[in-house]
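All chains are identified by letter, namely A, B, C and D, in their written order; residue positions are counted from 1 within each chain.
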Amino acid sequence: MNASAGYDPERLAICADAIAGAARNFAALGWTPATSSNFSMRLDSGHVAITVSGRDKGQLGREDIMVVDMHDQPVGEHKRPSAETALHTQVYRRLPETGAVLHTHSRTQSVASRLFASDKRVRLQGWELQKAVSGYATHDSTLDIPVFANTQHMPELVDQVDAWLDSGQPLHGYLIDGHGLYTWGRSIDEARRHLEALEFLLGCELDLRRLRS
Amino acid sequence: MNASAGYDPERLAICADAIAGAARNFAALGWTPATSSNFSMRLDSGHVAITVSGRDKGQLGREDIMVVDMHDQPVGEHKRPSAETALHTQVYRRLPETGAVLHTHSRTQSVASRLFASDKRVRLQGWELQKAVSGYATHDSTLDIPVFANTQHMPELVDQVDAWLDSGQPLHGYLIDGHGLYTWGRSIDEARRHLEALEFLLGCELDLRRLRS
Amino acid sequence: MNASAGYDPERLAICADAIAGAARNFAALGWTPATSSNFSMRLDSGHVAITVSGRDKGQLGREDIMVVDMHDQPVGEHKRPSAETALHTQVYRRLPETGAVLHTHSRTQSVASRLFASDKRVRLQGWELQKAVSGYATHDSTLDIPVFANTQHMPELVDQVDAWLDSGQPLHGYLIDGHGLYTWGRSIDEARRHLEALEFLLGCELDLRRLRS
Amino acid sequence: MNASAGYDPERLAICADAIAGAARNFAALGWTPATSSNFSMRLDSGHVAITVSGRDKGQLGREDIMVVDMHDQPVGEHKRPSAETALHTQVYRRLPETGAVLHTHSRTQSVASRLFASDKRVRLQGWELQKAVSGYATHDSTLDIPVFANTQHMPELVDQVDAWLDSGQPLHGYLIDGHGLYTWGRSIDEARRHLEALEFLLGCELDLRRLRS
């Protein structure tokens, strides 16, 4: 434990390296254009490691990952956390099993969010890859990804996510209109699996729409 | 020969390395999202080397390849083989020249399977690359890729493949609806050539449909 | 200072390496086909480092970067600067904060320029990534990218850009019809962020048009 | 000079390495699926270095390049040259400045060839990148790429190319229906520039068609 700051610096180093590795992969795929996107991992019940605002996600080092508490406040550092930190800590608070949160900004995600904004959700049905999302055992299921209205005022986004969760509907990821995707998992590996699956399925839905129109 | 298990461990090591190398290539192309896809090679008349369920296909090591017999039972190990092992062993049993079976899950394959599901097949005609499939000497031929209905109950998939083979129609690969492609070859190099050719041709068919609509 | 030529050769070496590094990245993304595209950085108030005409942008070395003055004349060298040098120096003259100018030629840029040529601009609205362009703090803004008519006579292109700037409209980048994109920034990092954001947003607009037609 | 075979083996080694390097690049771009495509360079007035049939174009070594004479006969080796050797030697005979011929098989090329087969040509107009083809100084020009009917009988393809050349129309590359692209240049660098430009422009034309339909 870091006596002054209240978290384990070794755990932070491990998480920072894991985040940087995942981010390099996403950047190579074009999912983090123009310094967009942000990533986090839970350090312990009260602390989260999260990317510093505005860095090139293909070249993150340990100095680009900082610590915040569950109320979005920087801990033991003077860097500025991502503007969307509140969306990360919300997931850790509301879904306590969560170990990692990934927010990316691929072209597929941005376009799908615009296209399905009026439907307020993307409904996925009949895809084998729905099984890659924890809790789904068959393609013969329905996986809804909500699309929330975009705003620069974070509390309004937090409220939209809270309202969905309060309604009791399952939530494995969400889109923000004109923006990107949030998803998560118990581990960063599970979160990556969810991200890869949702990116793939959104792409398939766009392709089908192009082909069936 | 491995006295206790009945297969040659040196042959297993060679096959495991060949599978891992091919899988890295497919993963880099985006054909194995979210730990999907599985790959196998024949060890001998009674044994098959096959990927363990649920691993990241871009990072397979020897420990991620296991041995099953022709009735899908693990041999000399306690790992869980891929849920779709029965589809691999079926090909080795029914088409005895087969040396390798590749199942991938590209976006093109998933989308084509949905789009052509009601036709029950994708009919390829007039493409020079049909010649990349063994037995096809001209673009002026017809190459049918059946699309089978998806199910989580493997015996039903096995039955659909058996019915096609029993009908006497040639079979070089098949799609499963909402899922991906199975193809194979006498060697893993031939299986890769078939996979590259079918992925390419399915993509061409989707493009033509977009352009001619 | 280089007494004979009037610029700092150490600054030139640093800029040449930065340009070559950025160009390798753009080439790998397919944004510089067939030796197209050109890149520059400001050396000082009177000199610009710019790519020599016609080189493969994926393999630039220091010898592929030359110096011109603000009137497009080569300084201390006998190489031929890019045919479009006048478009670079214009930006440095008219927008004095500019430190780097990037001109790429991606398929998305070329196609968008043709498609929006009759509108004379691409209007971007509602995209979170508009915030990646300096001066834009919200998705709820309008970012216009003008599309200028193409000509092989550089002064006519310079005049079109001057007319836009003289009208007082903000300018962060522009397309030339059937050609590519020009964008810039105070540093090469900012210019790259602008390029990545505009390439991404043009691609999103094309996708939306395909999907909504 | 190799006394027994009549060509310079050092020149062959240089050409083989240049072909292998270019082929690796094209393979990485997905332009040579399933062992398709073939490449050649002129050794001297009577000899051509050309890829051996059926190899993986991403992994060519010197042993995968052989020598043929201008009548398609292997010289000093017993390997089988590409089935399409006659299309290479034809270009060297008819266009004596040619130093390299590249035949690739990208998805864009295959789809464009099918789509424009009934027009018998792809007409390129208004693209800045037309200037990347030697002899074109402005986007305000017309660059026709003929689409020839496919056949497995090489003399019929040779005849179609001869007929085009005999008509006096310029020829910088051609498509074969359902197949790929042939292009060439005085050097392999010029041939690559032509290939990159034509691949790009065919892709732009397909995109425009999708967007304007």
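The working rule: a residue touches a chain if its C-beta (ideal position, glycine included) is under 8 Å from a C-beta of that chain, and two chains touch if they have at least 3 such contacts.
Owing to the predicted nature of the structure, the values given are computational and were not obtained by experimental measurement.
> Do chain A and chain B face each other with the same patch, meaning over half of the contact numbers show up on both, or with different patches?
Different-residue interface.
> Centre-to-centre on C-alpha atoms, which chain is most distant from chain C?
Between chain C and every other chain, the largest centroid distance is to B.
> Just how far, in Å, is the C-alpha centre of chain C from the one of chain B?
Their C-alpha centroids are separated by 46 Å.
> Express in whole angstrom the distance between the two chain centres, defined as the mean CA positions of chain B and chain D.
Roughly 33 Å separates the two chain centres.
> Among all residues of chain D, which ones touch two or more of the remaining chains?
210, 213
> Name the shape of the chain contact graph, picking from line, ring, star, complete and other.
Drawn as a graph, the chains make one closed cycle, so a ring.
> I'd like to see which chains touch which, written out pair by pair.
In this structure, the chains touch in these pairs: A-B, A-C, B-D, C-D.
> In their complex, what parts of chain A are in touch with chain C?
Residues of chain A touching chain C: 33-36, 56, 105, 107, 110-111, 114-115, 150, 152, 176-180, 206, 209-210, 213.
> Which residues of chain A touch chain B in their complex?
Touch residues, chain A against chain B: 126-129, 132, 137-140, 189, 193-194, 196-197, 199-200, 203-204, 207-208, 210-213.
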